[in-house]
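Chain nomenclature is as follows: A, B, C and D, assigned in order of appearance, with residue numbering initiated at 1 for each chain independently.
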Amino acid sequence: MAAAPAPELTAQTWFNTDDEVLLSGLRGRVVVLSAFQVLCPVSVSIGIPQALRIHQTFDPKEVAVIGLHATFEHHAAVTAPVVKAFIQEYRLKYPIALDQPSRSGPIPQTMERYRMRGTPSLVLIDRQGIIRKHAFGPVDDLRIGAEIGALIQDAGETASLRPLHAGTGIESGFSTPRSPQ
Amino acid sequence: MAAAPAPELTAQTWFNTDDEVLLSGLRGRVVVLSAFQVLCPVSVSIGIPQALRIHQTFDPKEVAVIGLHATFEHHAAVTAPVVKAFIQEYRLKYPIALDQPSRSGPIPQTMERYRMRGTPSLVLIDRQGIIRKHAFGPVDDLRIGAEIGALIQDAGETASLRPLHAGTGIESGFSTPRSPQ
Amino acid sequence: MAAAPAPELTAQTWFNTDDEVLLSGLRGRVVVLSAFQVLCPVSVSIGIPQALRIHQTFDPKEVAVIGLHATFEHHAAVTAPVVKAFIQEYRLKYPIALDQPSRSGPIPQTMERYRMRGTPSLVLIDRQGIIRKHAFGPVDDLRIGAEIGALIQDAGETASLRPLHAGTGIESGFSTPRSPQ
Amino acid sequence: MAAAPAPELTAQTWFNTDDEVLLSGLRGRVVVLSAFQVLCPVSVSIGIPQALRIHQTFDPKEVAVIGLHATFEHHAAVTAPVVKAFIQEYRLKYPIALDQPSRSGPIPQTMERYRMRGTPSLVLIDRQGIIRKHAFGPVDDLRIGAEIGALIQDAGETASLRPLHAGTGIESGFSTPRSPQ
């Protein structure tokens, strides 16, 4: 699934946004898609905290974090109000889609379309809307940071090279060279 | 000090390398300079483990990790055999310089030249030999990963754009787009 | 509330047990009462893992771990099936009461009776059924371990002294003296 | 070695105390003997922090923490000034013995006498001077806490039972029963 164009998300409802989020509307930004379930221990202990750190570390003009509650088990229990209360309690501020259930099976539609193997899953989508990474389970901060940093810096084959400085993507003391020799 | 050309290291001795390491010989690679002291608790609990993770995560053809034991306190106790035994016990495999003492004060020469404020310090040097980040104390893995990833991807103003794929820098399932549209 | 007789729990339902658990039926054992909520981040990241460690560390003949889901917020969302699915996913094996809602307010009956300030709360009850500790929020493992260890060893004023050995309470290499002089 | 009388320590020098510490002078207190080496990664990352937590958690009138630097490797490098500087940097405040070297081999005398298998090692000695636990490598806080708590509470076969309250051993809100029925 990696390196294909990222399909749009199909949500039964969205949280933290007035309007449906379209990936096509995020072209030019790196997108981090964080799939989780509120009753999945690894999502809660590892996936969600990492998504929060990504959301806090990068400039939202450069990196858009999108959550996806991919309900593929405990369908009767995990209703929209449960997901909503979880988002409130964990103080998630980025847009989160509640995946659209399938008509024929337990795997919801977006999860199916992305062929996710479970939760947590992490998908990196580049500025052109292409899936560049698709991981299931825990991923090291150092590695995912490097991949996001490379995608921020990567402007695509037709674009002019982007200068590397603090204003584009990484909010830190990362500096631009002063007249390098 | 950031964004200036990185000065060479002055070592009284090197570990894990037969020859003195020259930064000028590492042009084309991103260099991560990890300054530490064996009796500095934050170096040992945070700085060294992070340097090890960086060394394990990135392709050494893309990212060179260099250690610097910047002895600025406990000079009489922390002799070369202590640093050598520490390197062995902590299984550090990257080249490590034991900083050259100053003739006039407690701050050793490389530490002075880089104007480091203490240990641990982390310096990122780009492919052209320019200092791009200089941090004192703990740094998040996500942030340092992003900065290294951007420097890997950054080929400089005169270079052609580097394709982003697993073979260049990040050893992971990070993928190249298949015929992106 | 500490040092008073521990009141019985009032549950709308119990999980992991066929019969209602009565504290009066646990006399002679130390009881660890772990109050939590499935959508409470500190319960999930700290309270529940600690209760699991307590359950795994001590001999159940000596230390009985009892959970209490003290639903005092998100009443409409957090239904019995949500709590049941959480217990399954987090592999909690000890008996857990779903607290009986109040007829007049948000605080459920057992939580009210114990005057708990929130979740997570931890209550230690001695072999005679007396509350010996009542903590709200995170508690160090070392401290709670010491308090449980003391209660295991404490046989009460009228009982004969219990010998300290591996068979009573702590499953470890903790040994009995061989003919101490 | 467990359950035998604890032999006295033989030190080439002591830190953090004016006088040699004799275990015989600590009768009536639980003694936690924490053996470590400054260049042993598991000592530094796990053993030392746990000894510090024990030292901070328990009343020193009840629990005496004693360190032992059991130099069994890197003898030439790890001199007394190295151990002294480490103790200063890690802010260890409890008495620490630098083990007396053997005349015939690498294992120093106290380490040999206690038959320690390596560092870190943790030895628990009861109020009567009997070894009750001897562990090599990491030990859970919960378990070691329980064992210390039991030893604090355990007054020995001939003593009258000690009441359990905050004043004896555990500095916390651990309470005495008010007229238990």
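In this text, a contact is a pair of C-beta atoms (placed from the backbone, for glycine too) under 8 Å apart; a residue touches a chain by one contact, two chains touch by 3 or more.
Since this is a predicted model, take the numbers as computed values, not measurements.
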item: Partner chains that subunit A and subunit C have in common; value: none
item: Centroid-based (C-alpha) most distant chain relative to subunit B; value: C
item: Subunit B-subunit C separation of Cα centroids, rounded to whole Å; value: 49
item: Intercentroid distance (Cα basis), subunit D paired with subunit B, Å; value: 38
item: Subunit A and subunit B: spacing of chain centres that average the CA atoms, whole Å; value: 30
item: In subunit D, residues with contacts to at least two other chains; value: none
item: Chain-chain contacts as defined at top; value: A-B, A-C, B-D, C-D
item: Contacting residues of subunit B [partner subunit D, same complex]; value: 38-41, 44-45, 74, 76-79, 81-82, 84-86, 89-90
item: Sites on subunit C touched by subunit D in the complex; value: 2-5, 50, 53-54, 57-58, 126, 128, 130-135, 140-157, 161, 163-164, 169-170, 172-178, 180-181
